[in-house]
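Residue numbering begins at 1 within each chain, and the chains themselves are lettered A, B, C, D and E in the order written.
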Amino acid sequence: MTEIWHGLTKAIGLIISLDPEVTEIAGRSLMISLTSTLLTSLICLPLGSLIHFKQFPGKRLVISLIQTFFGIPTVAIGLFVFILFSRAGPLGGLNLLFTPAVMVLGQMILITPLLLGLTIAALSGVDKVIPDTARSLGASGFQMTIIVLREARFAVMATVIMGFGRAISEVGIALIVGGNIRGFTRVITTAISLETAKGDLELSLALGIILIFIALIVNILLNRLQPR
Amino acid sequence: MTEIWHGLTKAIGLIISLDPEVTEIAGRSLMISLTSTLLTSLICLPLGSLIHFKQFPGKRLVISLIQTFFGIPTVAIGLFVFILFSRAGPLGGLNLLFTPAVMVLGQMILITPLLLGLTIAALSGVDKVIPDTARSLGASGFQMTIIVLREARFAVMATVIMGFGRAISEVGIALIVGGNIRGFTRVITTAISLETAKGDLELSLALGIILIFIALIVNILLNRLQPR
Amino acid sequence: SSPRAESSSPLPPQLRLRVATTTSLYDSGLWGYLEPMFERKYNVELDIMYAGSGKALEYGRRGDVDIVTIHDQIREEQFIADGYGVRRVPFAYNYFLIVGPSVDPAGIKGLTPEAAFKKLMETGKASFVSRGDDSGTHAKEKDIWAEAGYDYEAVRNAGRWYIEAGTGMGPTLMMASEKQAYTLTDIGTYLTYKGKLALVPVVDKGSLLLNVYSAIALNPEKMPQAKIDMANNLIEFLISPEIQEFIGNYGIEEYGTQLFTPYVGSEPE
Amino acid sequence: MPLIETVNLCQNSDGRDILKNVSLKVDRGEVFALIGPTGAGKTTLLRLIDLLDLPTSGKIYFDGSDVFESGKRKLEARRRMAFVLQKPVVFNMSVYDNIAYGLKLRRVDKGSIRQKVGRILEMVGLSTYQNRNARTLSGGEVQRVAIARAIVSEPDVLLLDEPTANLDPVSTAKIEQLITDIIRRDDTTIIMATHDMSQGQRLADRVGVLLDGEIRQTGGFQDIFTAPGSREVADFVGVENIIDGVIASNDDKVVTIDIGDNVIAAISDYAVGEKVYACIRPEDVTLALSRISSSARNSFSAKITRVVSRGQLSRIEMDCGFPLVALITKRSTEELNLAATREVYAIFKATGVHVIKRKSD
Amino acid sequence: MPLIETVNLCQNSDGRDILKNVSLKVDRGEVFALIGPTGAGKTTLLRLIDLLDLPTSGKIYFDGSDVFESGKRKLEARRRMAFVLQKPVVFNMSVYDNIAYGLKLRRVDKGSIRQKVGRILEMVGLSTYQNRNARTLSGGEVQRVAIARAIVSEPDVLLLDEPTANLDPVSTAKIEQLITDIIRRDDTTIIMATHDMSQGQRLADRVGVLLDGEIRQTGGFQDIFTAPGSREVADFVGVENIIDGVIASNDDKVVTIDIGDNVIAAISDYAVGEKVYACIRPEDVTLALSRISSSARNSFSAKITRVVSRGQLSRIEMDCGFPLVALITKRSTEELNLAATREVYAIFKATGVHVIKRKSD
């Protein structure tokens, strides 16, 4: 257990001393995962609402598929994106492999089913009378979506926070398509996996604690955004 | 892109031929993740409801913390459990390291914040009048919880499916505390990571596709459980 | 694809022997063949954990395994000096390679490793991907830099051409191939990945590239639970003539070249 | 041209016909009341008119054009209407924001919003509540917010589903006043569903009786009230005395109806031998303690079986050989000292009897 | 011993006093109606009595014991009550399962459940709907399910919050009949909140007037109706004529009240010089075209300012030097040909005037 205490004190030490390497890695993690969460939210909140409100044949199946892709392993997504962007792959010409941009993309693929599925779940809890009332007052489809998302704001915000958590904590994609290049694509999770491979469990734990700390701050800030 | 097609055909081949090693690994993945999801659901659905319904000081903070732990990286949990159960650790005497049991435990830790947080989010969507009505008809706290969970069944089921997806797709814990021992603790995700390390991308993708296939079947079966 | 899927029901712990092995031995598939042979011979269940050398030794220090098989001589000796291991028993070796694009942009083909590294540093154009993960391979790379006369920290900060990947051998090779860069690799991993790589061996000679695999049983004085007898059985097994011969022939059929040279009887000079 | 016209609207759900061929025309500026018992389909019809649901078949014309032509047309039409739903809900925001919502959707500028919402808050008496979260309001307060929210955007058509169901008499009077003002000032077209027939009478120009998914009768309130077209409508509008009979004589439209042991005089066109119902509204029956001479043609000796108080009125149930119910003021009940078992005379005019043809079944 | 007693219940929310020192006693088998305008606190009080919320202060005794003693006691007490909420919701399950829910909670055996639910479905007229998902029901149908669900478990205490707000007159009559049956058969104690004063009158033994969070008056319906204890209560129970005055003479309780230009005769104990309100119920005012001699002491010449129709009654607003409102039958309105600007005589008895002391402010 001493490692855990050491990890904790080491984490506190690294945070307090603003260790430059850790700060840089943490900043990159935050940037990449915030970007992917934001972009995915912009796509998935409206899209999820659309799926929730529209009646169409095969709707149940679509929802089942979305929920199923909750369970896609990050390595599989990582490989898929890797193949796509590798020199021999169809998008190889973009020269994006082993860059933060492609890590964002991979994370977006990862959290898309999650954000879609949870948006639909969040909306399923809202009283049916709410969208009817909005429409009766003249709301267009989009305006109705907005107010219903607003009514379900607690669950919607949980969805976004959840998506961010998933993005910032995943390692498979970051490792495979980012490559864990020091000073360029190394993020906290890939750094942890490196330190673990090296056998430095304390530093790994310290980095894990720092990650949680970042998540906590983001969570608090996101919750501030939520209208009362 | 050819790798993706090859992966797909290989996956189909492995499924159709019921390849004994793949079947064994898939069965183990399923067993471990179903067990952890089931146990965690049994704890977290009632506990999440309790947190939702009880008013207590610091409630907002507790919920924020739960949501924050959405973002804990699997490696960190893996290391924590590893240190706990390693011979030098406090529970080393139990001799559980590198066994499926400890993998279940690790997955339970991983999905606990998720199930708690999403249960609370799911319940937040239910009209406040529903629990009042239940209580006015004589429901005890527990009975009220049941009916409210039932009213939010879509979101609750999404929560459970989501938890299962997270459990079966994670690799950090399985690798660190399970050790990916062939014939004993190897699950699909650790097998994928091994094949990736070995450079067999096609087999990795095939295993990823099989994982999704399993998730789909579980999803459909779970959705069947859901009352109309 | 498995020779032994049906006997998968777990045995009680006292009949299990735990081995932590370095990745290259595992990924090459060698252990996949040795494991059932040993199990049959000694009626024991082998649990094989693969990891980088650093982590494998950490498993050993924590007492979570009974024996380690790795390739990092300095740390191995330290491990024994610290009292964790009994003795170091080399059982196989091969040579590292420097691989790179076939056009050889830095013009290092045929040089000694230390001369090749010197040239890389001086031209500063052709990229080099380093494992950067404190693995045995990474340790070897650092040795070469030292031998070439550079301080490793200076190398790390020499410029964008020096890429620290911080991952395993396979991904490092893939990255080097994608970036058309040089890298240092063990021969086993290179051969398994060869089909996916646009890289060729450019430097494959020089005593510095020697890569020795050895087995260390855990010291029962420090780790009373360590199964020293069975660990010794495994060591004996590894250096027994039949297995030494098997190791020497392993992979020739698949890759067209020898992966490992048996240590016993043909020790490197 | 009617502002709203429905043609053969049908709604079918889970194999049940909820609406059957509903054809209605409502003119600009008209106030139309839909009345009908619980489950008749009032809400379903209003939802269709507000274009919230799609009918199984049939057409809806708004201002002369088919609204189902395009999604855009639907939104345009809906923006000219406002609907106060039967189960009013408020959004989880302040009372002010709830009421301002429709205006914001229409991109009204902030200043006008403030002014309009301020005025309407005043009108519904919720000014002091404007910053409260609307979720904490009482049932009646929610209903007032819902009404305010609907009328603040000055719609051409106002759809009201039981607008005062949760309100006490004083608030009801206020809301009715509000609606009356809107009718006067803005020439708003109103379609309302109400259980409260007197509300229908007070506010509506025309009434449609919806029974079991069908519009059975439309017309002025008084017409329907005094001359229901069928037994079912008569039942629903509270004609409690419906007596089976056969026309026994017809002397220049003054008929006598044979109801078994007795004969009722009435005014009707029906020929002798026609099977009919004689309908007498309870309030058209007067009671006397002695057989007084009057112009009323029908006078029966009766025994009171029950007296039930209904606000300022009393409902007197009697047996005259046939059951008969009268509604008289409480005052008269006290003055005449009416109570069960008392013998009285029940008197009603021939013109007070409405005759409906019985369907032969 | 009262079955339910509240002592100084206070409820405060967001700094507002919603209930202020409410002390009530309701006896076993009694039917108690809470009346009060929207936002008065009726729902809040019923929720406290059903132990759904905790009061800010005060106590509640159920069957003699303090219910807040323990969670278990609360559940026990709550299981002996049933509450039909103002905004009834149904669970997302069949009508049958909705009604059976409370019985299942009490672990009643399947056979009895089937029998009880079957009977109650019959009573509320929803037998054919038993397998429908309750979410698809109409507003009134939902309300009937909610009532059925509450009474099927045969509670000792039934709490009803606006039980017939969504129902048409026929369904209302049916539900009232149901409630009456329950009262008769099971000796159930009932506390109901209602806007519909005539419903209160029909069903309740005793009425409490809740104004602005305070119980202002309790008593028999007739007492409160005819002798409201304060101006606010008078206002609320619909005494539309409330006239400021001062007692000018008192001759053995027959007083004259100086109201400025006129004098009203009344019966009262107050001494000369006391500032009072004279309250006259509109229905106690009769109208005549000529000054007829009668026993009524008060007779004023008046000019009609407005005639409003209220169902079978007409509301006549007049100016007699002071404003006065009368409620008479529509029939009389027609016979007397009453309309705005007509000159009439307004007549009311001294005993029809209720005198309330004015608070000096």
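Methods note: a contact is a pair of C-beta atoms (placed from the backbone, for glycine too) under 8 Å apart; a residue touches a chain by one contact, two chains touch by 3 or more.
Just so you know, these numbers come straight off a predicted model, no measurement behind them.
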Intersection of contact sets, chain B vs chain D, gives A, E
Max Cα-centre separation from chain E goes to chain C
Farthest CA centroid from chain D: chain C
Winner on contact count, chain pair A-B
CA centroids of chain B and chain E: separation to the nearest Å works out as 56
Between the Cα centroids of chain C and chain D the separation in whole angstrom comes to 89
Here the gap between chain D and chain E, centre to centre from mean Cα coordinates and rounded to Å, is 23
Expressed in whole Å, how far the mean CA point of chain A lies from that of chain B is 17
Chain B residues touching 2+ other chains are 127, 196, 201
Among all residues of chain E, those touching at least two other chains are 87
Residue numbers in chain C touching two or more further chains are 168, 171, 174
Chain pairs satisfying touch are A-B, A-C, A-D, B-C, B-E, D-E
The residues of chain B that touch chain A in their complex are 1, 3-4, 64-65, 67-76, 79-80, 82-84, 89-90, 114, 117-118, 120-122, 124-127, 152, 154-155, 158-159, 161-162, 164-166, 168-172, 176, 188-189, 192-193, 196, 201, 204-205, 207-209, 211-212, 214-216, 219-220, 223
In the complex, the residues of chain D that touch chain A are 47, 50, 52, 75, 78-79, 81-83, 85, 87-89, 91-93, 101-102, 105-106, 133, 146, 149-150, 153, 159
Seen from chain B, its contact residues with chain E in the complex are 127, 129-130, 132-141, 143, 147, 150-151, 227-228
Chain D contacts chain E in the complex at 13-14, 35-39, 43-44, 86-87, 132, 136-141, 143-144, 161-162, 165-172, 195, 197-198, 201-202, 235-236, 238, 283, 308-313, 327, 329-331
Listed in rising order, the residues of chain C that touch chain A in the complex are 51-52, 54-55, 57-58, 132-135, 156, 163-168, 171, 174-175, 177-179, 198
